[in-house]
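I'd like to ask some things about the structure below.
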Amino acid sequence: MKFLVLLLILFTSCANGEKSLEVERGNTRYGGYLAFASVSDPKSFNPVLAKETSTTSITGLIFEGLTRVNVYTKEAEPNLAKSWQIKRGGKEWVFYLREDVKWNDGVPFSADDVVFTFNSLIYNSKIPSSASDVLKVDGEPFKVEKIDDYSVRFTLSSNYAPFLMAMGTDILPKHILADVVKADKFNSFWTLDSTPSGIVGTGPFKLSRYIPGQLVELVRNEHYWKKDKDGNSLPYLKGVRFLVVPNSDTALLKFLDSEIDYYSLRGEDYAILKPEEKSKGFKIYEVGPAFGSSFITFNQNNSINPKTQETYIDKRKLEWFRDRRFREAVSYALDRSSIIDIVLNGFGYPQSGPLSPSSGYFYNSNIEEHGYDLDRAKELLSDIGFSDIDSDGILEDKSGEDVSFNLFTNAENNVRVKIAELIKEDLINVGIKVNFLPLEFNNLVTKLSSSYDWEAIILGFTGGIEPHFSSNIWLSSGHLHIWYPKQERPATSWEAEIDKLFKDGVQALGRKKRKSIYDSWQEIASRELPLIYTAIPESIFAVRDKFGNLDPNPYGGVFHNIEEIYIINKEE
Amino acid sequence: MKSLEIKGLNIDFKKRNSFISVVQGLDLDILESEIVGIAGESGSGKTVSTLALADLLPEGNSRISYKSYKIKSNNVDRKQIPYFRGRLISYIFQDPIPSLDPMFTIRYQLKEILKVGSRKEVDDKMIDKLLLDVGLKDRERVLSSYPHQLSGGMAQRVAIAFALGSNSKILVADEPTTALDAHIKKGILDLLKKIRDQRGLSIFFISHDLEQTFYIADRVYIFYAGSVVEYAKSSVIKEKPLHPYTRALLDCIPKRGVDELKQIRGKSPDFGDLPKGCLFYPRCTFAMDICQKKRPPLIEVKKGHFLRCFKEKI
Amino acid sequence: MKELFRHRRGLIAVIILFFLYLGAIFAGFISPYHYRSEKRILSYAPPSKINFFDSKGDFHFRPFIYKYKMSLDQNRRRVYEEDKSRAYPIELFIRGDNYKLLGLFPADIHLFGVAAEAKLYLFGADSRGRDLLSRIIYGGRVSLSIGLIAVVITFFIGLIVGGTAGYFGGKIDNILMRLCEMVMLVPGFYLLLALRSSFPPEIGTVKIYFLIITILSFIGWASLARVIRGIVLGLREKEYILAARSVGLSSFKIITKHILPNTSSYTIIALTLSIPSYILGESALSLLGLGIQDPVPSWGNLLKDAMAIVQIKLHPWILIPGLFIFLAVVAFNMLGDALRDIYDPKRKII
Amino acid sequence: MLIYILKRFLIALPLILVISLVAFLFINLTPGNFFNQMRLNPQISEETIEKYIELYQLDKPVLMQYFAWLKRIIHLDFGYSFAYNIPVAKVLGTRVLNTLLLTLSSLFFTWLVALPLGIVAAVKVDRAWDRLISFLSYVLLSIPTFFMAFLLLYFAYLAGILPLGGMVSANFTELSLFFKILDLFKHLIIPTLVISLGAIASLVRIMRGNLLEVLRSNYILALRARGISEKRVTYVHALRSAINPLITIFGYQISGLLSGAALTEIICNWPGLGSLMLSAVRSQDIYLVMGSMLVSSVMLIGGNLIADILLGFADPRIRVK
């Protein structure tokens, strides 16, 4: 789950460090606190059960995996495993573990812990863990066996390209959790009310204090195995603090008041923070497009609702939405530059494909762009047979009904609400009437995943660098294939083609081979437009300029090398 | 010896932003242990003039002025008046129960009054004596009860006890019996007479009921539209009233044997626009044109009998 | 009614409310633009500068404005300069966006405005270059009418229940008060969330909101009923009630004729105080994304955009809707005081 | 008196049960459940979500779930919060205390300021003080509380002396007891001000109205006529009667203690029950919501009971028949 943590750091802001002077072993780099602001409390300290980013941002600093993602090459590199061997064409992996690693309670780390984590935790049917979905290949878990104290063999039923990336998952201590699992109490273990010292991990920090609704504090793990180039033990920081600040405006004030050290900017914050860079002592970094996607999608589900024996939505509308020209017309009618200027205050990029440009190697840069072209949109709409019969400014379809549809999004996300408002005005210009109503998130998701009674929805997915991890979206049988989820057989030819691409993609071992596979996936996606992408924000964050070894990176964020970060002038 | 004398009392009330005169040039006096009756229709300024004696009118929208005001023959300094309340002049009102604080027991309020009257500590003996003086025997029940638990008669006796408690010299009784049942009325009147005899109290007895006034009062003033039209010994007013209004009032009293009651035609003038001449002119059966032009002065037509009317003999 | 005009605060309140409601009723005519018309290039344009002297210095009787030129400074902040090349006089009864006067008659005459090429922003523009003044005037339609229906329902039930409970006392009072408690316990917020998702979106955000508020008002009368009961308990001891009862008036008549008018002072204040609470309530719900939805403006959702340090610091005029909420609520409070001073039976001078 | 209280609580029990059923149905009326949030995360499969649903028996019919919850409530097990997967009682524990601390401090501050101001406004009616106080109360009544919270925070930032929201500063545990209290007090200032200012405005108006009405009554004139000093007449007699209706309002305010102000807590970042409940309700963390609903219902019924007892106690006309 390592890369999720780094991703998360993009979206939180942080608090100022402790002012006390701290000198250890004659090296002035040690000491001081790094303070983040987190949108909400963590929900538990158990990485296997962790569901939200507010929890993984903390467990990510306490636990580590066998591999970790190198933020520059975006490929897996050694971590708890110092090296590995691939045998039988990728179906068998042998990992050789570091011998100098200890848990933060001093107990040595060994292969038993790895085997225990996989066989007794991740693959334990009684423990609902989200990690298990990523660590299976077409449903089959890996076979994990101990060879000796410091080497482990993984056997896979078939090739699994993202295997090394998936090996970033956190390894947990057997000596603490073995009897907890036997007593079947794991699901309510390491919860918010457990004593801090009981959370045992191998990561750079360990839990020191938790005040509900206020603050989570982590301090240095003395037993941490990693050393800096002159052999001093890491991390330099005395600790990390997460202040719970739900309101983003209060977080902005706290950052300006130097109570937190890191603030992830919204577009409109730039004009306020930029002028104060010198006087308040911080620096603003713009590191390119953010991850994830933001899109509008139409319901193409023409299966029969068992209860009503008809389709889930009005037959006529279903016909429009399944017609590629309709979706293409909507895409041409979207004024993406307004969305960027007004909603993101100029800090954003029009998006036309499923991957973000920052995802690196697999991003296909020459996919088809849909510019803002009202005439092309109107042309397409008249090709379909729409015309404004009663000249009330709204087109009518062949059966004389107005061309209008209901648009939903989740009320809590005001970026999406603003985008929806703009789209509503844009589509009026081409004669399509939109009834927009923001709903509660839970209600929205129920419509998407069970009742299917929605016509158009604005939504977004978090993204990553490994395309396979979005197979739930792009496989026609995927439960997140939201325009027509869980299909027995692909409803359209292009969806069948994408299914085949994703099956080959996960098997292929060579990166170049996978690159060409995923390139053609992105081409189909931007041609067929099941998800009409809008714009993704530029990721901008501001950091107090009191840190050494700072090296911001689009994938890793600002604190991907947190163990090497130190505070320069602690006296101020 | 006169215990109170006021001359030329004027009272104006603020209506929107102009003042209207309610009492014009009133002269009033009372001797020690004398009961003076003040009779007249309601709204003739009876209550207002007596309240003015202790400056009890709302300061915001009322104006009081007088030529002279003496109590026990020494001039009254207006700033001193609040000190007089209770100690020199005290009041009892028409509705006994609402005139007592509903939130406190009678014992508490009685003790409070006794402190007003005398410096030294209040003891039970003083309380017992007071209650006996006003004819309240069931001591414990009265003291421990709240006003809403008393009957009208008992409440009025408690109010009188309060007046005596602060050992005032002058008592203003504003229609004390009007709200009470018939058989209780006589008890209160006799009580007033008794405390007048025992303590030499001067009592102003305000009422619109002439019969009760004649029963209790030594002298009677007849009020009409804010000024006095006639005053004399009560027996004189009762037998030989001179002013037409007084005679008309007497005719309104139901007597056994006389079955048909007379009414005075018209109604008392509106304080806003008082006529120039005699105020009773519009309703007076003996009206002459001089009555319309000039206002008759109050002159002593016989010894101790003052009249405000141009007619020599009636 | 004429005493209301002589009551100083009452007069001020009536004047403020008169203009606010006038604006709300004739929103289309009075506001220079329709609430939907936007010019995205002029996002957050400041209030237009009204000039009388042109660049050459001669005076013009008719005030005029200049078009805006927008540019971004190095901090990506929008800077608006006046393009002095041509002056656009402010004209009265000018043709502009079409609208439906009183929702019935289509028209396009506006009380004042400028030629189409330029945009007149008396109160500045919002994020999409929409005229804030027009949206405030249209916003009044919703915000000023929200409370009315709900207040009537709440009061009708509240008075009857409060009056009967206070007057009869004993068992009836107990039952009614427990009923009050039960109604107060009904979690309004969950009901709101549940209702919001059950209405079809086609009927439009304003109707949905009005329906929800009307339904909620059926559980909103408890607090009023409780206080009315407290007052009536005190009143019951008064003589004129005993007198009325002794004369044999039916208890229903006694309650409606004698008791409830006597609670008038409290009722009037509570009535005028509760209308603004609906205005404030709508703005709180808008903050949570549960109020009236864009593009239909209400003072609540206009204020929501102002709830950001960035907006207040860079475009302070975004706070003006807050001023209108303040004005309306102050006016209702003053009206409440004036009405109480006039209709309160006990307030007469001796 | 005791039987009266017992009777009231006996009647209250069925009341709370009915309300808990109604609330349970309302929450489940809105479609979907807590675990929907995970459905949109690409890395979480359908089976995992199903496992969670079985773990918390969300697949069973609503009534079955309700009675299961009821059975547990009887032996004081409030159930588990889905979000925090620890017992609801633990989650609520600190949050209830925080909200109580905030609402009690604002209740105290409100009454401390509102009563004297109301009295001054009534005693000096229509003069400078009265006009100033009523103007201020108009202003404070008209500003939406969440907007006031926002403005106060912004001024605190400009002034730089007050902490910006939150309940304790980061180094709270290292402070000595005295500094701990000082730190907590400094954090309390803004949220207390926000909640109290609106309440003060309305309480001042009610106090002023009551006192004015009492000062016009017959026995006040009679007391003055009996020579009682103006101070005693106003501050002992008139005030005693004017306080009565306020006592009932005080009782009802107790019942509102826990509802607190969710919006104020969110903006001032105060870790109270209000902000927790807002997110719990929207994410349908059912047992957490039901737990807090039960606590606030008991508070409400307790508050009403206290109000009725206080009323009876305060006004002899009602107490002594």
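The chains carry the letters A, B, C and D, assigned in the order they are written, with residues numbered from 1 in each.
Keep in mind that, in the parts below, contacts are C-beta pairs under 8 Å (C-beta built on N, C-alpha and C of every residue); 3 or more make two chains touch, one makes a residue touch a chain.
Because the structure is predicted, anything quoted here is derived from the model rather than measured.
Taken together, chain A and chain C share the touching chains D.
Centrality by Cα centroid goes to chain D.
On a Cα centroid basis, the chain most remote from chain A in this structure is B. Across the assembly, the chain pair joined by the most C-beta contact pairs is A-D.
Spacing of chain C relative to chain D, judged by their CA centroids, is 26 angstrom. Averaged C-alpha coordinates put the centre of chain B at 56 Å from the centre of chain C. For the pair chain A and chain B, the distance between C-alpha centroids works out to 92 Å.
Within chain D, the positions touching two or more other chains are listed as 30-31, 150, 154, 282, 315, 317. Touching two or more other chains at once are residues 249, 253, 412, 440, 443 of chain A.
For chain B, residues touching at least two other chains, in rising order: 148. Residues 51, 54, 56, 60, 82, 84-87, 90-91, 93, 95, 98-104, 112-113, 116, 146, 148-149, 159, 162-163, 166, 168 of chain B are the ones touching chain D in the complex.
Against chain D, in their complex, chain A makes its touches with residues 15, 18, 33, 35, 40-41, 43-44, 49, 51-52, 128-130, 132-134, 187-188, 191-193, 209, 211-215, 217, 241, 243-247, 249-250, 253-254, 256-257, 259, 412, 440-443, 445-449, 451, 459, 461-462, 469-473, 479-480. Residue ranges on chain A touching chain C, taken from their complex, read 249, 252-253, 266, 268-272, 274-275, 335, 338, 341-342, 345-347, 406, 408, 411-412, 414, 417-418, 421-422, 424-425, 435-440, 443.
Within the complex formed with chain C, the residues of chain D that make contact are 11-12, 15-16, 18-19, 22-23, 26-27, 29-31, 134, 138-139, 141-147, 150, 154, 202, 205, 209, 213, 216, 244-245, 248-249, 252, 255, 263, 278, 281-282, 289, 293, 297, 300-301, 304, 308, 311, 315, 317-318.
Looking at the complex, you find that chain D touches chain B at residues 126, 217-219, 221-228, 230, 232, 237, 240-241, 315-317, 320.
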